[in-house]
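There are structures below to look over.
Both of the next two complexes hold subunit A, though its partner changes from subunit B to subunit C.
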Partner chain A sequence: MRVSAVVNLVVKDLRAELRTKHTVNFMLLFSGLAVAFFSRIAGSYVGSVPEIGPGLLWLVFLFTGMLGLGRAFVKEKELGTLDGLRLTPMSSAEILAGKAIYNLLLMLGVQSVIFPLFIVFFDFPVRGGFALAFAVLTLGNTCFVIVSSALATLVLNARARELLLPVILLPVLFPVIVLSVSALNSVLVGGEGFLNILGEIKIILAYAVVMGVIAMLTFDFALEE
Partner chain B sequence: MHAVEIRDVEKCFGAHRVLRGVSLSVAEGEAFVLLGPNGAGKTTLIRIVATLLRQDSGVVRVLGYDTRREAQEVRRRIGVVTHNPLLYEELTARENLTFYARAYGVPLERIEELLDRVELEERADEPVSTFSRGMKQRLSIARALLHSPEVLLLDEPTTGLDIKGRRDFYALLGNLLEEGVTLLMTTHHTEEAERLCSRGAVLRSGRVVAQGELSELKASVESLEDAYLQMTGEEGEG
Partner chain C sequence: MLWIYFSLAAAFAMFAYGAYKALLVFPPIYSPENPVMEELYRNVFFHVPVNASGFLGFTITLFASILYLKTRDMKYDLIAAKSAKVGVFFITFTLLTGMAWAKPAWGTYWNWDPRETTALIMWFVYLGYLALREAIAEERARARASAILGIFGYTSGIFTLLSTRIFPSLHPPTFGLRLEPEMGMTLGLMITGAVIVFLNLVYLEMRLERVKRGLAGGR
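After this line comes the complex of A and B, so read on.
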């Protein structure tokens, strides 16, 4: 895999996105509104039962990601530029990695704004390390992005692709969400350290690697009409 | 060696057979036109040659490379221009070419050369979304020529262009032909095909119904357009 080819694709996507800010503005607006609504509806419960907090936070990321992350591929498909990409000597792995990294940067941008906002809006009692919680969330979102990028290619040629993606994404993501929520609870609510959540981290990492490999192996087949 | 060699190619989409045993060849340095009505299978055939689609059976070779087994080698040697310019509207002309140049591993100096060639150097730093259709197609040619391809595949490249846009576009293709680039194109405009191409084939319902020198195809009739209408069975319709 050529790193320069991956970077070229990421830079192109970021440049195009920063010029219009369509996706990032939408993702920030949606996630901000979701946090505000959740805090109004369930804020008092989180105060007495803080264990539901990380679950709510993941719901926000899940909906935001499902609505925004598929765009990286869908937009190329709709504009016809996916053919332009496939005609270059870039390998499937390079295209997939470029798109996944671009999606991850979008998601990390959202996470950097929404996670602190969530703590403030919910008046969340943080007992463990904020940095470790942020890292756990980043790992979970990385796996989320890999899985969603992989599945987005699989549904590209489907007619109702933007409806189909969330339906197949949820069951595949279920283990990641459960493990990430568990690790976040351990850190934020239980005040536990890195070694106590190492098991969850290893499984999430392994899941991300396996899904990444499957995505690269199926990419060419998925793009066939 | 043929620039493009197509042998017994079949392609189905579900139960619909789009190509039925298509065979034809294009010599190096020649301009070859595929004529046919909508739905004849021209675009499908071009996409197969361009490695964007896989045929169900048959063999397609570009400069000796098999499009199924050696797709990367084929992609390094072909340029593709379609009615869709394959450009990013938010980016400027220069940014678009920079992206593709890096993807092909081409030195960035080539961008200035091509912008000059397609006469877009003055608009190079403006977003493609502000370009006219003709300008987008000229930029699309620059994109397709970045890596100096030996074979250029053109699928209805003049769709939506006005008369001047078409004339400029064909002048550009004429220059490429003089430089030895092989052209394989589809078009509805028989008079344009005659101006540029020496040989061609007529596709009808996924079959080649005629192929050879354009002068031979129209030998028994008034014009290539008449020959085309006879062969495709469209004469007297509409």
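After this line comes the complex of A and C, so read on.
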């Protein structure tokens, strides 16, 4: 895998995105709305049962990601540029890596706005390290973008792909979300340190690696027409 | 066709004999601290065989998916699709018998035990697999996309197998069940019967699909 090719793809996608900012604006707007809704509906209970908080936060990311991340490939398909992408002298692994990194940057953008917003809106009692919680979220989102980038290509030829993607994505992601929520709970609510959530982190990492390897191995086929 | 009748009759005999032994012959297991369990253990003889067949189905889907991507032979796509479909059917019964166990043994039908959780998720993964197949009209594109999901999806199966080792669980670990020899034999018999039924269902589903295609004027 050539790093320069991957970087080029990421830069190209970022440029195209920054020209209109459609996707990122939409994702921010949607996630902000979701946080506002959740805060209005469940905010008063979070004070007494703070353990709901991380779960709600992950739901926000999940919805936002499922609506926004599929765009990376659907956009290419709709504009007819997917064929161009196939014709470039990039291996499919490079294309996948580029798309996943681009998606991760999008998610990180959302995360760095929404996570503080979430803490403010919910008046969330942060007992552990903020940076550690941010890192846990980032790890979870990394796994999220790997899986969603790989699976988004599967629905390209499908009817009602916006409906279908969540249906095939959610169950595959379920273990990561549950572990990430539990790790986040330990850090934010329990005030635990890094060593106490090492178990969760190990499994999420292993899952990310396994998913990444399967994605790399099968992506050649996924991009075929 | 004849061997289908024979094998199904054999499977039925195995299942009927096993059910008779499990429900009527074996004595209650003496456990004074939990009297409910004395009779409840009989559920194992139904829960494990359907589960084994369902898992077999998803494993076949995995290998058929890999073979499809390697050979591009639509035969493997058909095998993958049908064994996933029948597998979901069997896992549904696993979940139901599991719930029937959970209520008296653990107090609620559903308590998000790691094994329950991962099995349910696996069930959803393969329902998603079937939904994906429904949504793609073009044959080759459908075969390709669903083969890839068939490979991804199997991670949920592995998670289910390992769930009782990774997380603290009330469920006994996979292959960790210890039974008396005669009970083990009966269980083995019932597993064999369930697997035969499973294989026959997959075969019939495949035949049905071929007939449908023939009627539609395809291959």
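What we mean here is this: the second predicted complex is superposed on the first by the 224 of 225 C-alpha atoms of A that agree within 3 Å, B and C clash if a C-alpha of one lies under 4 Å from a C-alpha of the other, contacts with A are read in each partner's own complex, and residues count from 1 in each chain.
By definition in this document, a residue touches a chain if its C-beta (ideal position, glycine included) is under 8 Å from a C-beta of that chain, and two chains touch if they have at least 3 such contacts.
Just so it is clear, the structure is predicted and the values come from calculations on it, not from any experiment.
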Which superposed partner A:R161 touches (first subunit B, second subunit C, both, neither): second
Contacts of A:M90 with subunit B and subunit C, given as first, second, both or neither: first
Subunit B versus subunit C as contact partner of A:A16, first or second or both or neither: first
Partner chain(s) touched by A:V210 [first = subunit B, second = subunit C, both, neither]: second
Touching partner for A:A135 - first (subunit B), second (subunit C), both, neither: neither
Which superposed partner A:A42 touches (first subunit B, second subunit C, both, neither): neither
First, second, both or neither for A:L67, with subunit B first and subunit C second: neither
Doubly contacted residues of subunit A, that is, touched by subunit B and again by subunit C: 224
Residue ranges of subunit C in contact with subunit A within the complex: 69, 117-118, 121-122, 124-125, 127-129, 131-132, 135-138, 141-142, 144-149, 151-153, 155-156, 159, 166
Subunit A - residues contacting subunit C, complex: 147, 150-151, 154-155, 157-161, 164, 167-168, 170-172, 174-175, 178, 203, 207, 210-211, 214-215, 218, 221-222, 224
Subunit A residues within the subunit B interface of the complex: 4-5, 8-9, 11-12, 15-16, 19-20, 79-81, 83-91, 224-225
Touching residues (chain side subunit B, partner subunit A) in the complex: 13, 50-54, 72, 75-76, 78, 80, 82, 84, 86-91, 95, 99-100, 102-105, 127, 143
